[in-house]
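Multiple structures follow.
Presented sequentially are two complexes of chain A, the first with chain B as partner and the second with chain C.
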Partner chain A sequence: MEIIRNFPAAAILLCLFAGIVSSGLKPKAAKWLNHALIVVEMALNLCTLYYTAVTGEAFVYVMGKFPAPWGNEIRAGVLEALLALFVCGVMLLSLLGGEKELEEKVEENKLFLYYVLADHLLCSLLALIYTNDLFTAYVFVEINTISACGLIMIRQTGRTIEAAVRYMIMSLLGSGLLLMGLCMLYDLTGHLLMSNIQESVARLHASGMYGVPLTVTIGLMTVGLAIKSALFPFHTWVPDAYGYSTASSAAILSSLVSKGYIFLLIKIIYRVIGFEVFHDTKIVNVLFLFGLAGMIFGSLSAIKENNIRRMIAFSSVAQIGYIYMGIGMGTQAGMVAAIFHIFSHAAAKALLFVACMGITGASGGSVKFQDLTGAAYRNKLAGAAFTAGSLSMVGLPLFSGFISKLLFAQAAVQNQGKMLPALVVLAVSTILNAVYFMKTVIRIYTPEQSPYEGITWKNQKLLTVSCVLLTVLNLHLGCLSQSWENLIMKGLGMFA
Partner chain B sequence: MIFTAILIPVLAGLILLLGPEWKNRKQLCGFTDAALLLSFLAVCVALGTTKENEAVTLFNLTTGLPIFFKIDGVSRFFAVLTGILWVPAGIYAFGYMEHEWKEKRYYGFYLLSYAVLTGLDFSGNLITFYLFYESMSLLTLPLVLHNGSKEAIMAGLKYLFFSLAGAYMVLFGLFLLNRFGNTLTFTAGGVLDAALLEGREGLLLAGAFLMILGFGVKAGMFPLHAWLPAAHPVAPAPASGVLSGMIAKCGVLGVIRTVFYLFGADFLRGTWVQQVWLVLSLTTVLLGSMMAYREKGLKKRLAYSTVSQVSYILFGLATLQWEGFTGAFLHTAAHALMKCGLFLVAGAIIFKTGKTKVEELSGIGRQMPVTMICYTLLSLSLIGIPPFGGFVSKWFLGRGGVNSGLPVFDILGPAVLLVSALLTAGYLLPISIRGFLGGEESVVRPEKKEPSFLMLAPIVLFTVLVTVLGICPDKVIGYITEIAKVLIKEGMTG
Partner chain C sequence: MNRREKEKRKEKSEKEEKKSSRFESWLDGDRDIYDGNMELRPQKEYEPSPYLLRRQENERKKMEERVNDVARNKEYRVFKRAYRVLAVVFCLSFIALLVLAVSWLPPVGQAGNPDNNEVSARYIEEGLQETGSVNIVTGMILTYRAFDTFGETNVLFIATCCVMVMLMLDEAVLKKQETDNDRKYEPKNDAILQGMAFILCPVIFIFGIYVILGGHLGPGGGFSGGAVIGAGLILYVIAFGFKKTQRFFNEAVYKTAKITSLVMYGLIGSYFYITGANGIENHIPLGLPGHILSGGIILPINICVGIEVACTMYAFYALFRRGGL
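For the complex of A and B:
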């Protein structure tokens, strides 16, 4: 059993090496290596999850045997392992779902690069999840940004290059702010390992010294990560980046990459700053307000869109708003809801992007609404999957979205001051969600004589597998949420 | 057994929706018919074999929030009523849908809706109820959208958004109840926890009001009624019939569950919630009648009439008094039969003559005598003339208003009901009068256009049932009074 303690580090390094090896391989080999890699990663993370759940406590893995406070550490608890497992699973399904599109639209000699980038992206996500060292986190944030940029512009049209540049600029702004915050924190505490910083911060907070710099630091890091995870009003890069890239890229970016940053923020809140200190700075209230604003304005923008991909992208802005609202409640219940929504939104959004590809594929590749009329009859499976994803987003019971809403509302009801705004905005946002998702569903189910040919499941086996599994994942999250909730609670307990 | 009752129509519906096209129309209808009858039979067996308040849990959504079913007096009443409406309207559709497209889809969703309604009637707690309530909105949507015209799609969207807005208001109340109640299980007399409640009455009242308003959306209560006159008439006639007859009543069922099984009648008695609720329902009664009076299209006129009549029921419930409560249940049954019957008549007229406007119907009575006689009888019942079901229910509703002991409303309520009854006569009877007496006198032998047996039989059946309900309502009244005894302790005279 002890050997499992090596697994998180092995998982990260394995990805790194797979990426390097892939750069010398043919596209097909790179693809198989990537899929095999993700399956191995899932196994490793599953073992870690099992180990931490059984032992009931988090463990620290010291890289290169240099002891704290000098060395570099990895720390794995239930929540980290669960999220890592989830990330691997959703990534595999997103890649499988979009594989056909990749082979059609990406130039033959660049295809292997896609898998190199995907390997590195997974590596950085795992590192963000597992690391116990703030500077390592920063390094992998950058690796993450670069690979994400590559994923966006792998299909080189004018729009994707523009989108990638936009993404790059906003992302670098975000990581710049994070770096500044990190430097100041290093200056204030003299440490880079999370546990050590937390001790010093607690001491500083208790003594009341450096109150203003500390607040500024926390603010810088929070805003930096908020920009990177597309919190309103820093979301302007989202519609282009998710709207014009390939379906797998969009699915991975919206359901995993942005969540990686949010998880890092949650880790910073709990493991670096300390929940109490963070709460005292009132930054939670700012996050709460921005979250609420995002929920409304993201949906409003989505309603105005005439491009289905951009509509789903704007919906992500709204959903990220939900997560920040949960964090902004400043309570344990709010945090549980936010983390559950990370899972729930990732599952639903990946499903939507993959299904959307099936729908547009049956409409001559057009993303305009008027061409999508009746698409669900031409591609029955994608239509059904899109409907399932939409229902989850709207929050029908049995789907994951409903449990998210339930948890958010329960958290809100326990929080005196924030109850009314949270519930009211939750209501308005739900209705707005319904407006654009149901509008789309009705359109794709409106029968019409169409020049485009239908697609049966035999021509899209991988998409079928991906859609079915993602739908099952959504239903699983919706019907058996209690076990997930328990794991999240347990994981949060291990953060302390 | 409850599962079977829900599962049969679900499976049959899925077979129809996912399966290939049927070549033989007769077989398609036969299959649907068999599925409908079998489902109704299963419901009856479930009602017969399941003990009162025996809970059947499906699974746990989260700890403390199980999806489970249980059967009590209210569920029995609604389940039987649903079956009585759903099966004949389905049989009527075999005749009516002949000239429509995509019959298979219609029957598929029709069966699924029946399953969902059964689930709704048997729901044991608010979460289960909410689940089926939302599913009902989504699954009845294709019935509204059926003909695929622009008008239908706009009406469908309107229906959807109003429904979802209503559902969220309900969810708001659900969150509050989850916090301040002991349980979400429907319990006679309410689930509120007095200790937790201390000092939060205002909030809870607001929650109760939102829930009433939210369920009121389906029942077409002012101010969220605008979707109903748009959505009900665009559906094919048998679907309009069940939408007005039964789906609107599911909103009523939601209100009953909210008021008497979650918050408790005593919690709301004498509060602003009751007052506003009374005002809103009376406004709707009057408003719906006046709009119906002005409306020229026959089906749309009937839809406005639904707006008005369902609020009679809500008014009866809002009195929080046993006679009003009894009247509400009676009117639920009577109105379901009457309105479904009237829509089927309208469908028969459209099917045979293609006429949709009221003024085109001169002399229709000579062409379709049986249909129009049924129409006249159903109209008389809807106005509230003895010996039909509508009279008995309105009698109880009026008494409920008078004996409610509420200032102003004890006079105003019955007065509004009377004025609205006059308006009802005003918008329904001229069609009969012109139908039988108007038109060209010179035509000695008008062409007979009576619809086929499949379409005529349900219309006649509903007319007979309403008459029976009017002549011997004792059994039903006794049954409802038993329910009322448990729920409303005040003012029971035995």
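For the complex of A and C:
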């Protein structure tokens, strides 16, 4: 059993090795290495999840022979292992779903780079999830930013390059703010390791010393990560980045990359600053407000959009708003809802992007709404999968979106001060969601004579597998939510 | 026998005469040293193609139409003004906020500061003993915080991959542009540049290797030494062109060097992490501090990092210059 303690570190290192080796391989070999790697990663993370769930406590793994606070550490609990497993699964399905498109739209001499970038992206996500050291987190935030940028612009059109530049600027601004906060935090506490910082911060907070810089530091780190995860006023890079890149890239970016940063923020709240101290700074209220604004304005922009990919991208902005609203409630229940929504949104958004590729593929590659009429009849499977994803997003019972909305509502009811705005905005946002998603579903199910040829499932086997599995994942999250909730609660308990 | 010697002597004197006469003619100003050594071409006057002219004209017209569109123009003007004002106000308030926060931070250099704690104390006091490295900074980044540094090296790797995504051209296109790249944009066979590079490149390479190998003994290490070697490679390319560089540093060599060094680094690192974490004895000897073969994993890691950084520097230059290695 003890050997399982090596697995999280092995998972991170294996990704790095795979990425490095892939840079010398042919595209096909790089692809197989990447898929094999993700399967191995899933096994490793599953073992870690099982181990932490059985022992009931998180464990710390020292990277090297020097223990904290001198050396690097990673730490694995139930929540970390669960999220890591989930990230690997969704990544594999997104890559499988978009594989055909990749081969068509990426130049052949650059295709192997896609898998190099994907390997490193996965590595950085795992490191962000498992890290117990703020500076390690920063290093892997850098890897994450650069490889995400590469994933956007690997399909070389003018729009993707513009989107990548936009993404790079906004994302580096976020990294810069995070780094500034990190430096100030080091100046105030003298540590980089999360648990040591938490002790020092608790001491500083109790004695009231350095109150101003501590608040500014927390603000800088929160805003930095909010920019990187596209919270409402900082979302301007989202529509282009998700709208014009390949389907796999869009699915990975929206469902995993932004979630990695949010998880890092949650980790910082619990394990670096401390939940109480964070709550006392009132930054939660700011997050709450921006979350609410995002829920409304993201959906309004989505309704105006005439490009299905950009519409889904704007819907991401709204969903990120939900997550920040949950964090902003400042209660345990709100946090559980936010974390559940991380899972639920990742599953649904990946499904939507992959299915959207099937739909546009049956409409001559056009993303304009007028060309999509009747697309669900030309590509029956993708149409059904898109409908399932939309229903999940809107929040129909049996689908994952319903459970997260229910949890948000429950959390709001328990929170006196924020109940009314949260419930009202939740209701309005749900209606807006329904408006633009049902509009799309009705359009793709409107029969029409069309010049485009239909696609059967035999011509898109990988897409079929990906769509079916992602739909099953959505239904699983929706129907058996209790076990997921229990794991999340258990994991949050291990954070303290 | 005798005749042959005489002939040889004759040839020699002729040659000397030639050299000295060449010098004299140069002194007199009869001869230009660039003649035959360097390609000199007058710059062509710029002539825009009719297509481009037409396009520019169209764009100008369109622009004028939009500028004269009062409704839109007004909105745009208001937006632009508000944007400028708000940006300035925002930046100023952000700067003020940061200055305020920094002024509240603990003053620099005080003994009682929070960052003067057991962490830095152990690095300074026991670093030499525990890492075997005289240079504390190298000892700290490559053994205490080895994982971070491995991540940092991978940042360089992934950055090269990103630049490749952006700029790498197809083989066929590269072949077509080969002559352009070696002739059009850079001086070909520049005598002064080549002479200087001939002297400087070996010195730069040797200095880079010295910086890498001495990383655990003094200031230096893989990152700085690799940058020096990379600069040397770039100088070589500028002076002698890609064709000559590719004889010893082409894409295959680049890939092998980069992948081998990174994988070696990863293997050494993994061995260090896994043995350390599981409490297994580490079989890499620390050696005697101050000797070249000391410092445990630091020296091999520095070499790997050096190769990787040199490759990255050169790859950036080559990709930006011609879109391939």
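Simple rule for what comes next: the second predicted complex is superposed on the first by the 496 of 496 C-alpha atoms of A that agree within 3 Å, B and C clash if a C-alpha of one lies under 4 Å from a C-alpha of the other, contacts with A are read in each partner's own complex, and residues count from 1 in each chain.
The working rule: a contact is a pair of C-beta atoms (placed from the backbone, for glycine too) under 8 Å apart; a residue touches a chain by one contact, two chains touch by 3 or more.
Everything numeric here is computed off the predicted structure, so don't read it as measured data.
Contact with chain B, but none with chain C, is seen for A:A434 once the two complexes are overlaid on the shared chain.
Looking at the shared chain after the overlay, A:M335 reaches neither chain B nor chain C.
When both complexes are overlaid on chain A, the residue A:Q410 reaches chain B alone and has no touch with chain C. More residues of chain A are touched by C (comparison of chain B with chain C). By the touch criterion stated above, A:A11 is placed in contact with neither chain B nor chain C.
Within the superposed three-chain model, A:E142 lies in touch with chain C and out of touch with chain B [touch as defined at top]. Look at A:I442: by the touch rule set out above, it reaches chain B but stays clear of chain C. Chain C makes touch with chain A in their complex at residues 97-98, 100-102, 104-106, 113-120, 122-123, 130, 143-148, 150-152, 154-155, 157-159, 161-162, 164-166, 168, 170-171, 255-256, 258-259, 262-263, 266, 269-270, 272-278, 282. Chain contact summary for the complex, chain B toward chain A: residues 59-63, 65, 102, 127, 130-131, 134-135, 138, 141-142, 145, 148, 153, 156-157, 160-161, 164-165, 168-169, 171-172, 175-176, 178-179. The touching residues of chain A, when paired with chain C in their complex, are 5-6, 9, 13, 16-17, 19-21, 23-24, 61-66, 69-72, 107, 109-110, 113, 116-117, 120, 123, 127, 133, 135-136, 139-140, 142-143, 146-147, 149-150, 153-154, 161, 180, 184, 186-191, 200, 210, 212-213, 216-217.
Considering their complex, residues 391, 394, 396-398, 403, 405-406, 409-410, 412-414, 423, 427, 430-431, 434-435, 438-439, 442, 445-447, 479, 481-482, 485 of chain A touch chain B.
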